[in-house]
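Pasting a structure below so you can have a look.
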Amino acid sequence: MTFSFAADLAGAKLPNPILTASGCAGSGKELSQFFKLSEIGAVVTKSIMIKPRSGRATPRMAETPSGMLNSIGLQGPGVDYFLENDIPWLAANGARTIVSIAGETVEDYAVLARRMRNLPGVVGLEVNISCPNVENRGMVFSCHPETARAAIEAVRRNIGGELPIIAKLSPDVTDILGIAREVSNAGADGVALINTLLGMVIDTNLMLPKLAQKTGGLSGPAIRPVAVRAVYQVRAALPQLPILGMGGITNGRDAFEFILAGASAVSIGTATFGNPTAVIKVRDELSAILQERGFDSLSDAIGFAHREVQA
Amino acid sequence: MISTRAAQINAELISNKRVGSYHHMVFSVGDIASQAKPGNFVAISVGGESSSMVLRRAFAIYRSTERGVNGGLVELVVAPQGQGSRWLTSLEAHDVVDMVLPLGTHFGIPTEPVRALLVGGGYGSAPLFGLAELLKSRGCRVDMVLGASTAAKIYAPLEGKRSVSSLTLTTDDGTAGIAGQITDVLPKLIEENEIEIVYSCGPMGMLQAITAVTDRYQIMHQCAVEEAMACGIGVCMTCVLPVTGDDGVTRMLRSCIDGPVMDGSRVVWDSKRKIPEGTFGA
Amino acid sequence: MTFSFAADLAGAKLPNPILTASGCAGSGKELSQFFKLSEIGAVVTKSIMIKPRSGRATPRMAETPSGMLNSIGLQGPGVDYFLENDIPWLAANGARTIVSIAGETVEDYAVLARRMRNLPGVVGLEVNISCPNVENRGMVFSCHPETARAAIEAVRRNIGGELPIIAKLSPDVTDILGIAREVSNAGADGVALINTLLGMVIDTNLMLPKLAQKTGGLSGPAIRPVAVRAVYQVRAALPQLPILGMGGITNGRDAFEFILAGASAVSIGTATFGNPTAVIKVRDELSAILQERGFDSLSDAIGFAHREVQA
Amino acid sequence: MISTRAAQINAELISNKRVGSYHHMVFSVGDIASQAKPGNFVAISVGGESSSMVLRRAFAIYRSTERGVNGGLVELVVAPQGQGSRWLTSLEAHDVVDMVLPLGTHFGIPTEPVRALLVGGGYGSAPLFGLAELLKSRGCRVDMVLGASTAAKIYAPLEGKRSVSSLTLTTDDGTAGIAGQITDVLPKLIEENEIEIVYSCGPMGMLQAITAVTDRYQIMHQCAVEEAMACGIGVCMTCVLPVTGDDGVTRMLRSCIDGPVMDGSRVVWDSKRKIPEGTFGA
């Protein structure tokens, strides 16, 4: 029997389950000097907002033990530029694209969703709801069931057509299951787990927070156990909800952990900074591991760690 | 924008010699050496298999050689500062590192012979010697000034100096050359040598101070900036700094791909911890 | 001027601000072969429960990038044994002791608090409320304002006398500030930040969660940015509330980060597993750093990273 | 309970030789070497300054020497398995590691001469050679059986064998000695040599299987267990296993300080992933 590495992520059909992570692959162009973008499952774009954003002041980055903090602040040229330049380029280069969108208001999500209709090469939408809601005391959308629901509903109502909607959740919550349930009810076809954890590094020379923005998002291998736990919990409680797993994946073994925990596909973020060809390495290693372990297909391995075993 | 086609290779360490406060390190990199131009940098994985450091470290290319006995070579000047550089400088010949190169923009070379002043602070002198050679081969007159806190932190190997007409040194503590800072001697050097372009590399504060001088004399200033970088290849947006374009708009540009070599007069200096007002998208 | 390293932790006067972390120093005896317990600020005991506990099944531990997971499950001989054996031994050996207590019900906390009156050498009480509440759907006490409040109120009403009460909080919440406020209002004299983060590792050989208990608590340098953020946030919002900081401290520089962020003292947990004399190393290095930086006393450095600086 | 007074030292690697699948590593440890007894182990920090591995690795002491030319020595037999042991076995002479020793309980030595059988699986043979010597010096007759999956995984150096009256080997693949498992030959060895006590070290499954045999013959079985350890010094409670005491009560004991040497018949085997019913505090 031939091994099938094909992935189905909430309806998006991909040749393999290895994706870039939002905000960690530039516009795609930058990575294409190292490999063909068509070789991976999909490119997840940085989170696109309606207007251009300068992002946060520098320093925006601090390395931490087995991880890093960032406070990029969603720097980007805005949706118009993105649709005119990045989308056609990605399509022309054979990439399957999952567009990540981010808003400051519920209306922003609605507007962005409408702009995402019928784009060449776009196979899905990742909705980054880990942004502060400017209309509601700056509360992060995905940190509260009501705001998470509102943002996803706005997207659902406006997207039209078949594009799968994947809600990206923050791990900085008391009850990630509750949020997952809420966004699923609101019309999300899947969830992306996890966004970064809120962290801080103090520069002991300056004796001040190292990042200009003070806090930043923690990513990398350090957070992998938190991410795997989130994936496992959501899979256990909502087995029908497809999961895009991420957080600290650097090699095929790490990706296998997420697949066993219940992810249908995985994103690679921080690892790309340390290794521009990390996605290719993960893809090849995961494929080899699955076959060594005797799986006939990727899908047979998804959630395999949930089986009941005699103690 | 993406001017270089970078490659990721296993580079073998050929030699590692201590020079003053620095290590002069030579790596065998194969054919890609021919692609490297003065101003480009490399990015190296540090700490080995079970490292807790997830990010690469960037180093300016001091010199590249297309064909040595070991094939193409790149040479670096590394200051052991923190964990990553200490690990790197503790390597021995035949150890292999994961290196991406060449990265970033390079110094622009004038089409006509000009009178150039090269200014380096600390290990910032590294990329200037290759540049000096290139400028000289194009018929330019090259003067150089190097500064550091102390003599051991001036990197100025004999063979590097052969392309320069004059070399001035400054140290804060007076242990070599003139006691003081580079900017103390800059106006005099610019005037006496009728300098038409300044090339520089060193700490951001120094680059800013040089820009103040070159702006006053209305001469070009190409500087290689050093912003903290997470990826070195343009995908993370951590290394940005505000730069004003031809259209008068200030944008947060990535110093790893729109730099490290930038036009000093276009950089909005003193922008740490704040976004300058009016920046695009602010 | 002579440098003062003395710490005042919510009223507990300690010669220096370096403590062990609960559950990471055994009964104290085990570490005393490496240094005198009187040399550190205080020994924080493992969390004491009313009855003996076998703890969880093995495997209870998994190493992770720059951290580890544990699911010890509060193994211990119960409060009677503890009071008869450990407390006298610690007192006889000159240790200042902070007793950590943990309950499964609000009443447990009340009972334990009463047992803590007038014990030799005991200078404070750490109330571990990161335990599941068996009476209330197994909800972790510190994850919800109401249950956190109830546990701390029970301790406050029953402790009597002057013993400082330090509430130990879980970082696995949407709003740690809200919890800190609540326990402070309920009578806590200070907060300990942070307990472990919930995580999971999947054993890719067995293709099952590595820990018998499936999930475990993530500790070590990996979580330091999350801990520093929590300390900084609580200090910023509640500047009068003393903080015992912890999470991934391995050396004096790390401890300095917590002090600058606003901790009055720090606990060292996981680092002791890698280095039995970690607490002594941290103590000596922190003292040296503070003096090099020109601080006249520990207290001058507490929260120093909050000062306003011109950009 | 805390029988040893352990010390934390910087131990210099004196030699590192590959033997079959293992590395025989000799460290200079100073006077503390005299405190080590067969069955004790050491705990070593792995990965260097910027390591992502926060926990020590435990290794049984293969041999300790009070005075060599390099002072006190301990010798280890290390299998390169994962990140930590691969890092350790890649070290070179004069490299220094942070080591805590001696840790744990040691094998009990009978007051009267007895007929002892020593059973080792894989690198589990390491602590048995020192034990054999000690038993022999007390007038015991010592037989030994070592097993592994394949010949390269049997560690049985020539000089180690001088204290044993007989040495039997088993390998799963038949590449050395008898094809099969240790437990296949155990009854015969016990009967023929009229064994009064069995000492063992190896994988937990093997120790359990040996216990079934020694229980049947009603002879003592001292085994050195190998549970995953985070601290090695008794402070973390990760390394526990259920052991039944004289009072009939089963308690979760720490294998790092109440072990690694334990009475096999007292261990409640097969307790992975569950707490045996009736355990104290369950």
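As written, the chains take the letters A, B, C and D, and residue 1 is the first residue of each chain.
Basically, contacts are C-beta pairs under 8 Å (C-beta built on N, C-alpha and C of every residue); 3 or more make two chains touch, one makes a residue touch a chain.
Being a predicted model, the structure only gives us computed values, none of them experimental.
Enquirer: Would you mind naming the chains that touch chain B and likewise touch chain D?
Expert: Intersection of chain B and chain D contact lists gives A, C.
Enquirer: Check B-C against C-D and say which one is joined by more contacting C-beta pairs.
Expert: The comparison resolves to C-D.
Enquirer: On a C-alpha centroid basis, what's the spacing between chain A and chain D, in Å?
Expert: Using C-alpha averages as centres, the distance is 46 Å.
Enquirer: If you average the Cα atoms of chain A and of chain B to get two centres, how far apart are those centres in Å?
Expert: Each chain's C-alpha centroid was found; their separation is 35 Å.
Enquirer: Which parts of chain B, given as residue numbers and ranges, touch two or more other chains?
Expert: Touching at least two other chains: 52-53, 272-274.
Enquirer: Among the residues of chain C, pick out those that touch two or more other chains and give their numbers.
Expert: 65-67, 220-221
Enquirer: Viewed as a graph of touching chains, is the assembly arranged as a line, ring, star, complete set, or other?
Expert: complete
Enquirer: Of all residues in chain B, which touch chain C in the complex?
Expert: Going through chain B, the ones touching chain C are 52, 272-274.
Enquirer: In the complex of these two chains, what residues of chain C are touching chain A?
Expert: Per the stated touch rule, the residues are 62, 64-67, 69, 143-144, 172-174, 197-202, 204, 207-209, 214-215, 218, 220-226, 228-229, 232, 248, 253, 256-257, 260-261, 289, 293, 304-305, 309.
Enquirer: Would you tell me which residues of chain B are touching chain D in their complex?
Expert: 46-53, 83-84, 86-87
Enquirer: Under the touch definition given earlier, write down the residues of chain A that touch chain B in their complex.
Expert: 23-26, 29-31, 33-34, 46, 51-61, 63, 65-68, 70, 72, 75-78, 212, 220-221, 270-277
Enquirer: Any idea which chain A residues touch chain D in the complex?
Expert: These residues of chain A touch chain D: 65-66, 221, 311.
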